[in-house]
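Working notes, structure below.
The chains carry the letters A, B, C and D, assigned in the order they are written, with residues numbered from 1 in each.
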Amino acid sequence: MTTVQLNPVGWMSQLSQLEVSLLQQSTESELYDTFRNCCLAVLNSGVEEDNYHNLFAPYGDFDVRLIRRERGVKMELINPPEVAFVDGHLIKGVHEHLFAVLRDMLYMGSKHSEAFKNLIDAPTNLTTHVVFDMLRHADAILQDQPINMVVCWGGHSIRSEEYKYTKLVGYQLGLRGFNICTGCGPGAMKGPMKGATIGHAKQRNKGGRYLGISEPSIIAAEPPNAIVNELIIMPDIEKRLEAFVRIAHGIVIFPGGAGTAEELLYLLGLLMDDRNKDQQIPLILTGPENSKGYFEAIDQFIGDTLGPEAQAKYTIVVGNAAKVATLLSEQKANVEAYRRDNGDSINFNWTLHISEDFQTPFVPSHENMRTLDLHLDQPKAALAATLRKCFSGIVAGNVKAEGIKEIHDHGPFELSGDAALMQKMDVLLTSFVEQGRMKLPGSKYEPCYRVSL
Amino acid sequence: MTTVQLNPVGWMSQLSQLEVSLLQQSTESELYDTFRNCCLAVLNSGVEEDNYHNLFAPYGDFDVRLIRRERGVKMELINPPEVAFVDGHLIKGVHEHLFAVLRDMLYMGSKHSEAFKNLIDAPTNLTTHVVFDMLRHADAILQDQPINMVVCWGGHSIRSEEYKYTKLVGYQLGLRGFNICTGCGPGAMKGPMKGATIGHAKQRNKGGRYLGISEPSIIAAEPPNAIVNELIIMPDIEKRLEAFVRIAHGIVIFPGGAGTAEELLYLLGLLMDDRNKDQQIPLILTGPENSKGYFEAIDQFIGDTLGPEAQAKYTIVVGNAAKVATLLSEQKANVEAYRRDNGDSINFNWTLHISEDFQTPFVPSHENMRTLDLHLDQPKAALAATLRKCFSGIVAGNVKAEGIKEIHDHGPFELSGDAALMQKMDVLLTSFVEQGRMKLPGSKYEPCYRVSL
Amino acid sequence: MTTVQLNPVGWMSQLSQLEVSLLQQSTESELYDTFRNCCLAVLNSGVEEDNYHNLFAPYGDFDVRLIRRERGVKMELINPPEVAFVDGHLIKGVHEHLFAVLRDMLYMGSKHSEAFKNLIDAPTNLTTHVVFDMLRHADAILQDQPINMVVCWGGHSIRSEEYKYTKLVGYQLGLRGFNICTGCGPGAMKGPMKGATIGHAKQRNKGGRYLGISEPSIIAAEPPNAIVNELIIMPDIEKRLEAFVRIAHGIVIFPGGAGTAEELLYLLGLLMDDRNKDQQIPLILTGPENSKGYFEAIDQFIGDTLGPEAQAKYTIVVGNAAKVATLLSEQKANVEAYRRDNGDSINFNWTLHISEDFQTPFVPSHENMRTLDLHLDQPKAALAATLRKCFSGIVAGNVKAEGIKEIHDHGPFELSGDAALMQKMDVLLTSFVEQGRMKLPGSKYEPCYRVSL
Amino acid sequence: MTTVQLNPVGWMSQLSQLEVSLLQQSTESELYDTFRNCCLAVLNSGVEEDNYHNLFAPYGDFDVRLIRRERGVKMELINPPEVAFVDGHLIKGVHEHLFAVLRDMLYMGSKHSEAFKNLIDAPTNLTTHVVFDMLRHADAILQDQPINMVVCWGGHSIRSEEYKYTKLVGYQLGLRGFNICTGCGPGAMKGPMKGATIGHAKQRNKGGRYLGISEPSIIAAEPPNAIVNELIIMPDIEKRLEAFVRIAHGIVIFPGGAGTAEELLYLLGLLMDDRNKDQQIPLILTGPENSKGYFEAIDQFIGDTLGPEAQAKYTIVVGNAAKVATLLSEQKANVEAYRRDNGDSINFNWTLHISEDFQTPFVPSHENMRTLDLHLDQPKAALAATLRKCFSGIVAGNVKAEGIKEIHDHGPFELSGDAALMQKMDVLLTSFVEQGRMKLPGSKYEPCYRVSL
């Protein structure tokens, strides 16, 4: 049995004895198993595999323990994967990521428990506080930063040409001083960071930030890539999405599958909220020349379901990485002006309204999926919210451990509603499958849903 | 009416909207008046005056307000003292101190309210957690620091020769890389910092730390001096004392009055606790050649009351500043070894046991003072605790607003107990009065106590 | 006509008026044309082209001028290549490189002119002083650096598989904290830097150094790649080679052509000098699995000409990037011990003896090439020196402007000597040609030499 | 015999072997004795003594040697003064100062020898180049600094009340972000630095610069005080004066003796040069209330000799430290505008014309002093230059080793010229003597001059 003891880094190196007690309580909770899995995923950083089973299979005897000391806590790894070590030393970035997992999953979990709510008199938005507090606690909200954070969304499984294009966009963004935030993982979540690294190097920018925001149920399927230098694990997909949109000064969407569709629908749902009509969040859909068809299909679907008002919220750029970056550069002044005029922070978009419907975690059970209100005849924002949930469920069924178990036990989700809407859904989903966007290559994709036409 | 708006600095510049709501709730509480007074004291930084009434009298129309913004909170000063400004700009150190007051008094106040206790299963020491959390939150617990923090105690009202000596000791400490922590204010709390500044400069040490730990009821009487570059306001005298002893790598006591006696007795009380018998906290009592008599009197009193065991805990050095610093330097290795051997933190002494009796706030009412168990016939640690409370009450009656009001309304505290003990108390207190240690010069000292012999 | 004015950066931003006068004198010298060309090469940073004619052709109207100001000097670019700009702003790295060119070519040129020699009484080695002074002046000799500088040599024109392998080696070196120094340019000079960038990022090492050492006559053929963050232009190839070996803590040689052979022979020549017999300079020849034949050929040639003593100076590693890095890591302690034992600097190898024969610039004229003493029957170090010159001439004939002109005007160089030796030369050179190592793909290689068998 | 070996710091830690050879050549030169004495003075940093004989007497067996290593040079102190050590370790500031002495006296001496002149074609001002080069080499010309350098002149021997006032002015300057440059030594050269330290601390300014510019013949009489964190030793008084005026953004003159008069006359001489008529160099003469008479006398003397035009160049402020600082703050914009409009550097005043008469070293021999052209009937700038020399000679006779020897051997200097002028000189000099400004208290001052009336 190999064991490695790790000293705490960052915030976790300064805990009170009471906090250590709370941490130890946590390790007896259900959460602990998820914690172990997240650690294992982080230790596999850089390995390209989206099947958590394949990823974890070789490490059945892996475990992680917390060791209490008078002055704090150490982490002990038992039989960790060798890939994380260089000549017997754990790679520093992985070391930091492990304590980021501990910080976010166990420590922040205790901190934001129910008891905290009692402090509040006024009807303040607790979810947004939690999102802010977790980002702040991870030192992700920096005081002195200008408008420079671009959130990049897109598939973990994309074609080689698309991947190269995401690197080019990242390079052009890096040259212009932008930092990159993605959801961790390979593909469109790695390419922009890799490209930005070179752009930053050419501009002698040593402070490049490569922010990865994940959540416990996806991190195993999408372990943080090698470039991520700030890792944050939000409690659930809804808080992860909120973190993305509140920290973004601009958003770029590359080709992707169900997860990317979820992200786009989430954002469009927010932007169609009348209270957000003046928000300045530049949104660009982009890919290489031969992804043109992909974006036409998406655009068509949005037009058919949410209408031209929604289409007006984004710009599609095909095969022109420099243009993507230039467009975002040109919008900097607007973004900043809006923040200043509204007394808002440069680094966290407080004024963006996110209704409860978008904040409440959606549990993708068969029951919940079946009863989604999939009809065109409803307010656009509500429809966007429902569609978002639908795609969220499909992501779960595709790559999240719990979702896969559900599908295995009870068969595919059933999706039903308006014939017209279901028809469009089917076309879009089928195209994702055909283009290999649902899973990494190497296995045949078995849909986790059935569209009742 | 002059008003000045201040942007938040440090941690206070990153608050969530929920936290701002909590802050605003606080401004409607009783605490607010104390907050205003602390701000006023900080704005008078460097002014030598220990009579809060004289200090505050010219500023009857001063007030401070919190202004809410989407992104956080600003502070607005109304009719602030001119002394804090240079060509119309607030001195940056004072600016930082004001937000330290806000941080500690209002924000931390909310955070550590009752609700927090519910999180705890185990019988962990909540007081120590609060002390740690406040120091950590003020960035006072630094990860990479070696053994270098010397806490200096001593009177705010000391003779010119003594003041010069405290500067010399500070200089010698600074030359040897020590930082200085005191209770804020003039006299022995300022001299060592001033001297250390020069010592640090000579050694090209730009990271010199001049830590001032105060509490709301004393800060008005002892506003932070100009050198303090880290200000922390603990909720009460007991937590302040605990902060001192847990952060100290060594302690130097200069001549002083009742407050200094309180500090010495507190520390001796801890060190006589059997569980602390191996603790390494070098303790030196020192003053210039002509303070020799003062220390003989103190030493006599300790010997007579707590016995030789207590006397063994300290070394008296007279008229030799370099020796004080050298002794502390020589003890560094012991202090570090003890911490390492016990798995303790270098920067916060977790292993020091502080019994509940020393942690529970003592309210110096006439009733409480009268019923102090002032008898020699009790365990030494208990006697030290009682004597500590007795001197604490005298400090309150001398310089704290509430205490002064109590005395004004109900006459001096009555102290009674063993004839032998009372005799010794009387001798010691009388010598403090005669040596002008109770109050700054310029006013006749009217004792706030009566010893029943 | 587009013009861009550049403010000086680094050392060049602080010139005295006398120095500016000297600079302006220089611009009227012959050197100026070379200066212009180097600037043009730097502005094409990242463009992969080793034919200076193709590189420069589109920029016939490019020029660079120095503009005098009271406080110093500005650089004015006339019709510069667009590739160096982002949205109208010059890329910062290129900006720095331009002033590095100015610093090294014009400024240092004046400084090390003849007059300087007059200062010296003793027979000190002026060449080594110049090499040191230029590195120091470029801030390339850092005081606080440990053993961490790996010099990588290899071809600018290598196969895709070889290029990927150089990246892997760089990555493994970066993971182990090594910095990379190469000769600037593409291929084996770029790959290790690119790989190290990722290795450094994973280890959270923000101080990664990517040192490019070039010389005026090669920089146009091998413009500095995008990663180089310290550019130094030595006056000639001999000083460039000396800079490499004195700054190296270890040397890795990848597959390459004539230039790489020159570098290997130069180093072997030094190491076979008896006064260097105890020197610790780990030397590894490495490439991917399918470069095995290449290294066998080289090894054979060295064995046949310089003998087993020379072969003992290097280790050949095939297809194992991690092993290369691990071997160098393991040698760190030896390198450091040797330096310390000899009172030598960690960051500049003063004790390495370099005889005059290796320091004196070799001018590759037809005459000089023809009269090279190419016989096996001479001391090994002398033979190495001669072979080094021979390959140096071939590099000039291949890619340096002057050399190419010579060949164009007078036909190929004639190489003659021992039949046995010439036979071996022919075999080696022919294999370089066949493997496409003499020039970048896209043009047919026309040998610039003729071996008289 | 105690010996201490010191590793080189700063620039001196990176010397080539050729430079080490040059250094060792220097140690055999006459300069060496001066070097030893400067080292001794620096080791006595902070000791208040202006009689070099008293200072040096106890250290007859002190010596300093350079030890050659392969990688550079170490300094060995033999029997150094204990005052420079703390628990056996040399104070870091003193360590830095020692290598500053080596850097400036030996190293720069070689570098600027005659040979350098040969490089120059054009009639460029070599003296100014040397002044600039020495400041630059000492890292005293910082690129990113705004208008913030105040040069303070004044006596080393001043009254206690005056000393306190110089501290107050320094404090007010420090509060406003000004750095302080003085001539090293006690009195008015130390007070402003000490005050500024506190001002900087209050404003949380950790980058405070306390620049001391000395010269070999004065440093023994005025060893650098404890606060100086940048020490530069110019080759002679004329280059030292030039360094002061070119680095200054404003100048404050406190009460002083002959040296202060020399400085004032030097500056007035420059400002009366017609080519400098637009120069922006705020000049303030200031002292506490009871120095009023002193400044009236100076002002009278200037008015009588150089006329109202000269008087218009300065402002006299009496007893108002804040006003001094505010006046300088208000002039910042003018100073900056002038530099920018003239394309001049912010950190070195190149546009200030200094005629050869002010640059050529004046040797204060009896012959040179006797033949000074002390007549009112000459151009004002010329008269200022002559008067400057006269006071320069008196300073030499008072405190410089060579001057004192001259006086000892040949009696006092004889000053003669216009009766009217001589009368005024006599009055002024006599007042300096009576006010104790010529020498530190403790010895009777014996004039080194005789005014022939």
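Keep this in mind: contacts are C-beta pairs under 8 Å (C-beta built on N, C-alpha and C of every residue); 3 or more make two chains touch, one makes a residue touch a chain.
These numbers come from a predicted model, not from an experiment.
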Listed by label, which chains are in contact with chain A and with chain B?
none
Over half of interface residue numbers shared between chain C and chain D means same, under half means different, so which is it?
same
Computing the C-alpha centre of each chain, which chain sits at the greatest distance from chain A?
D
How far is the middle of chain A from the middle of chain C, if each middle is the mean of its Cα atoms, in Å?
45
Using mean CA coordinates as chain centres, what's the chain C-chain D distance in Å?
47
From the mean C-alpha coordinate of chain A to that of chain D, what's the distance rounded to whole Å?
63
Would you mind listing the residues of chain B that make contact with two or more other chains?
none
Contacting chain pairs, sorted by label, are A-B, A-C, B-D, C-D
Which residues of chain D touch chain B once you look at their complex with the stated criterion?
86-87, 91-94, 96, 175-176, 197-198, 201-206, 226-227, 229, 326, 329
In the complex, chain D touches chain C at residues 13-14, 16-19, 21-22, 25, 69-72, 110, 113, 115-116, 118-122, 124-126, 128-129, 132-133, 136, 141, 143, 342-345, 348, 350-351
